[in-house]
Amino acid sequence: MRKIQEDAWIMEHEALAQHTYRLRLESKKVAAVAKAGQFVMLRINDGLDPLLRRPFSFHRILPEQGVVEILYRVAGRGTWRLSQSSIGTRVNLVGPLGNAFNLPDDGSSPVVLIAGGIGVAPLFALMDRLFANLSDLAIHLFYGARTAAELLPEQVLEDFKLRIYWSTDDGTAGYLGRVTDLFNESMAEGLPRPSMVYSCGPLAMQYHVSKWASMHGVPAQLSLESFMACGVGACLGCALPAVRADDPAADHYVHVCKDGPIFSPGSIQWQKIQMHRAPPQIFLFS
Amino acid sequence: MAKDSNASSSPPDLSVQLGPLRLKNPVLTASGTYGYGEEYAEFVAPESLGGIVVKGISLHPRPGNPPPRLVETSAGLINAIGLENVGLENFIKHKLPYLRTRQVPVIVNIFGSVLEEYAELGSRLDKVDGIAALEINISCPNVKQGGMVFGTEPAMAASVVRAVRQATSLPLITKLTPNVGRIGDIARAVEDAGTDIISCINTVAAMAVDVFSRRPKLANIVGGLSGPAIKPIALRCTYEVLQSVKCPVIGVGGVTNTLDALEFLLIGAKAVQVGTANFLSPTAVLEIIRGIERFLEVEGLARLEDYIGTLDIGCIFPFAEESCEAVGLA
Amino acid sequence: MAKDSNASSSPPDLSVQLGPLRLKNPVLTASGTYGYGEEYAEFVAPESLGGIVVKGISLHPRPGNPPPRLVETSAGLINAIGLENVGLENFIKHKLPYLRTRQVPVIVNIFGSVLEEYAELGSRLDKVDGIAALEINISCPNVKQGGMVFGTEPAMAASVVRAVRQATSLPLITKLTPNVGRIGDIARAVEDAGTDIISCINTVAAMAVDVFSRRPKLANIVGGLSGPAIKPIALRCTYEVLQSVKCPVIGVGGVTNTLDALEFLLIGAKAVQVGTANFLSPTAVLEIIRGIERFLEVEGLARLEDYIGTLDIGCIFPFAEESCEAVGLA
Amino acid sequence: MRKIQEDAWIMEHEALAQHTYRLRLESKKVAAVAKAGQFVMLRINDGLDPLLRRPFSFHRILPEQGVVEILYRVAGRGTWRLSQSSIGTRVNLVGPLGNAFNLPDDGSSPVVLIAGGIGVAPLFALMDRLFANLSDLAIHLFYGARTAAELLPEQVLEDFKLRIYWSTDDGTAGYLGRVTDLFNESMAEGLPRPSMVYSCGPLAMQYHVSKWASMHGVPAQLSLESFMACGVGACLGCALPAVRADDPAADHYVHVCKDGPIFSPGSIQWQKIQMHRAPPQIFLFS
């Protein structure tokens, strides 16, 4: 797997939902080798503020056009600065990094995709890949957000032949409640057992999906996050508590940038994950 | 004559001699920021580097700290990796073979929690091929001394160096912590104890908290600050060390670009290590090596060694009457 | 009941009690960055501040260091002002009268080069009206001890505090230097010697050089680093001091915005000083005071004292089976 | 003298010479009270890179239009970033700061203005003021730069009724040599004794002007520089060795932001000024 450092030009930069932007980048070399599920480390500007690169999954990969897209939500200083950058300017990419989504073994059963908030980003690239390889695949997308304003507009999903299940925590659109509750209920109401669950979203959601998948013996691929510095397995910063094959209870860590970001539910030691930072409230204070 | 003009048109000589260690150029990677060398090989041919300092190795594998392990700060990064590493045996079996295939000096950073571990690391690595030097990380708590960090006390620091010195004939680099009152005292102690080279600095003790969750941002509560923020501190520490010892010194801390590297060289460091900057750009080390070459060309210097340590701390008063001619103001 | 709802709609109480010192809010200006108060009065009414710490005062006027006195670094500023000041007499005659006309606690930062100077500053200021407290700067060389900095040795630091303590009944703040191995030891020593309050940190020893001219960027060669770069260091120092003493502590170092200030308060500092940030925005202190107020409102806290020191260092495992219900994942 | 903090909008931003830009700012409050010779501390962006504000003299002051102009040369990180900022964006000003140029006592004799490089910037505001107050004043402007490309185009000086003496160090335009040599020669060739010399430029040039003025007993107003942090007299960082009235040899310093930036030649202890930094070579290395 070849990793590349490349200057990418911003071709389009559009707000798609509240605090949510789509960045279209001309990045020929990265686009040529990127796979759905992988990510790039993006340097927002030449200065030192912010200091580190920021990881973003591929939202769309268009190798023929030499283009990749990123869908991101403003979550802090870096993404805010990114949101201020204009068409024609340059960002620097390092990628593609990490592992990729795998296709389901069985294309005849449906697959379920679960997206929480900005977690929908990599699922587009995944859907492109699924349809390209398994054109008849039935896809059920469960897509939730805190509120309607944070959901992507329906049109951006029109291209895909999907069944979409919308939810919002406040009931302003779709099902009132968590996307995992909606998923649970839909399964209880007789949705066929999927051959694979793909999910991306907040950790609490991922935990829920993970539990469901383990309990029902359904394979799942979770795209997980961790704070990253290098993105290439050198700093060992992006650790997550994980199950060591020879000693499942041992203190052991995987590194999201190298061993992930796609993990199976059983590989993570969920009970050892610590919470430290509250959801950012950057629009209140600075 | 012909020789001279040849010399000036050939690329400048970047090689440096650090006691027993000769490096083709003064740019090393800092321990813990460059993995075991392979991680960045797609971006930088190891052969182009002055050397690679690998992630700190202990006798036995260590899982490291629970996450979060990293926090970004203004122009800095706090890490509390917890010295996660594969352990000596795995290092020798699984990491070193790759490095041996590449023509680059490999420096093994070692650490322990008691004196004896340092000594054993020294003696076991002494017998291993393909190692250019050991770098002793003394910024670790001594579990036999109530967790007091080895490197914060001259006598304790010296005892570590002596233990390793007796165990190996490999060139020894001792890496100092800045979290002390007088780094020069530590430097003198480890020089007397037999280190060939000193590198400084390791990270600066630091902390970050989240005002919303009211919790530390690192699971470990405190961590070590690195990156551009600490460069002025590292430069001062390196300067103090250089004034205290005769052995060669490697400057570490915040080296992010060519000018940063040159600053350490100017004050007298024989080489630099690049750490956090690798995260900002995986090719940072290459750009710095090329930048130094270009700088020497522009300055008309054939050898880097002619630049090292040429800091001039005397005062120049360009408008004092005697010196006016000199600045062309007569 | 009616009282309660009244209380929650009235603005939160930002006042803090630091031993003998009561401040209307926890935001002070740091010595040397706010002149003698008047310099910023066009931007910030002194009355809105928790207090003003004036530029360090010595018994006699001092011209300060030759320029260059300042260097900008990544997210930091190195200064080597050399403690230029108008001297005690001029301060009392020409600077204090203005401050007395404004309703703001005035804290006089004092320093000397021998113990006796500190004592005399203490006794002479004891008799002067309009001073809320003294802040003892112990980050200065002791000329009688070969220039060793008072604040780097517990016994020497304590002797300064004792000398001033005996000379005055004014509330005493002792300001610690971070350039030590264990700041907690110094903190304990000055607490035992009778300081009412500790402020930390002063600047971090640092250096910068110019690779082209091959000269130091400061005429003084070394200086002190301040600004956002040092905040993680200052926070760690403050945390260590808080764990070592019982007296109130003021956090200083890199406080640039509301969140920075709240971080120091969260770990237990009763107040903060804002230094370099004044240069970035002359109204920074006001924005921080307003920001803290707003934060308390959003968090539903009626009193700042209810937030101070509420850092929780226990571990939360949201996905450990027992706690799942708590995070709503059942 | 009222000091103001104000967000200013970039109305125009134009390259006028090599690495030299003119910034037109809408800044009503500052424009209303600014005087020629004073300066502002400009914050280039909201981030921390660069950390400090940068001092710039007023190049033009147009109080009726609520506009001030700055003319600057890219000298390092901060000015480079400034040069990248586009029309419609915002910079933050603190000012006006420092003292101002004074009118000559005598409007009937000519005045001499000496500009070295970007030192020409504040002299425009000065000329505006001179002409507004002394419409018949004869002004001799000596204007030198390292090379022709660094000189402002002649048109920008057309509005003023001046005698201009151009010089370049490399002879690519005007007199070959230093602007102070050109001035010296012109005086030797019979230029009438000026009633005032105003000058702004590199320290070596200012020293020369200062010596000339002292030697010939001609009053001079030099706009001097120093590295600044606060700009308001609070940090004591911007010191210059100066003559203390009661003890001329004592170590004594003035502060450029408060006591200056305009100084008379005799107030500075030139012999005590130390050189520390070489001219920046930012285009070579980063």
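Per-chain numbering from 1; labels A, B, C and D assigned in written order.
By our rule, a residue touches a chain if its C-beta (ideal position, glycine included) is under 8 Å from a C-beta of that chain, and two chains touch if they have at least 3 such contacts.
Keep in mind the model is a prediction, meaning the values are calculated, not measured.
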Longest centre-to-centre distance from chain C, chain (CA-based): A
A-C against A-B, pair bridged by the larger set of C-beta contacts: A-B
Mean-CA-position distance for chain C and chain A (Å): 44
Rounded Å distance between chain C and chain D, as computed from the means of their C-alpha atoms: 37
Separation of chain B from chain C, taking each centre as the mean of its C-alpha atoms, in whole Å: 33
Touching two or more other chains - residue numbers and ranges from chain B: 71, 73-76, 215-216, 219, 227-228, 256, 259, 295, 315-316
Residues of chain A touching at least two other chains: 48-49, 272-275, 281
Overall pattern in which the protein chains touch one another (line/ring/star/complete/other): complete
Chain B to chain D touching residues, read off their complex: 74-75, 257-259, 291, 294-295, 298, 315-321, 327-329
Chain D residues touching chain A - in the complex, by the definition given at the top: 47-49, 81, 86
Complex contacts: residues of chain B adjacent to chain C: 71, 73-76, 78, 152, 179-182, 204-209, 211, 214-216, 219, 221-222, 225, 227-233, 235-236, 239, 254, 256, 259, 262-263, 266-267, 295, 310-313, 315-316
Chain A residues within the chain C interface of the complex: 48-49, 203-204, 207-208, 270-275, 281, 284-286
Chain C to chain D touching residues, read off their complex: 32-35, 39-40, 42-43, 55, 63-77, 79, 81, 84, 210, 212-213, 215-219, 227-228, 256, 276, 278-283
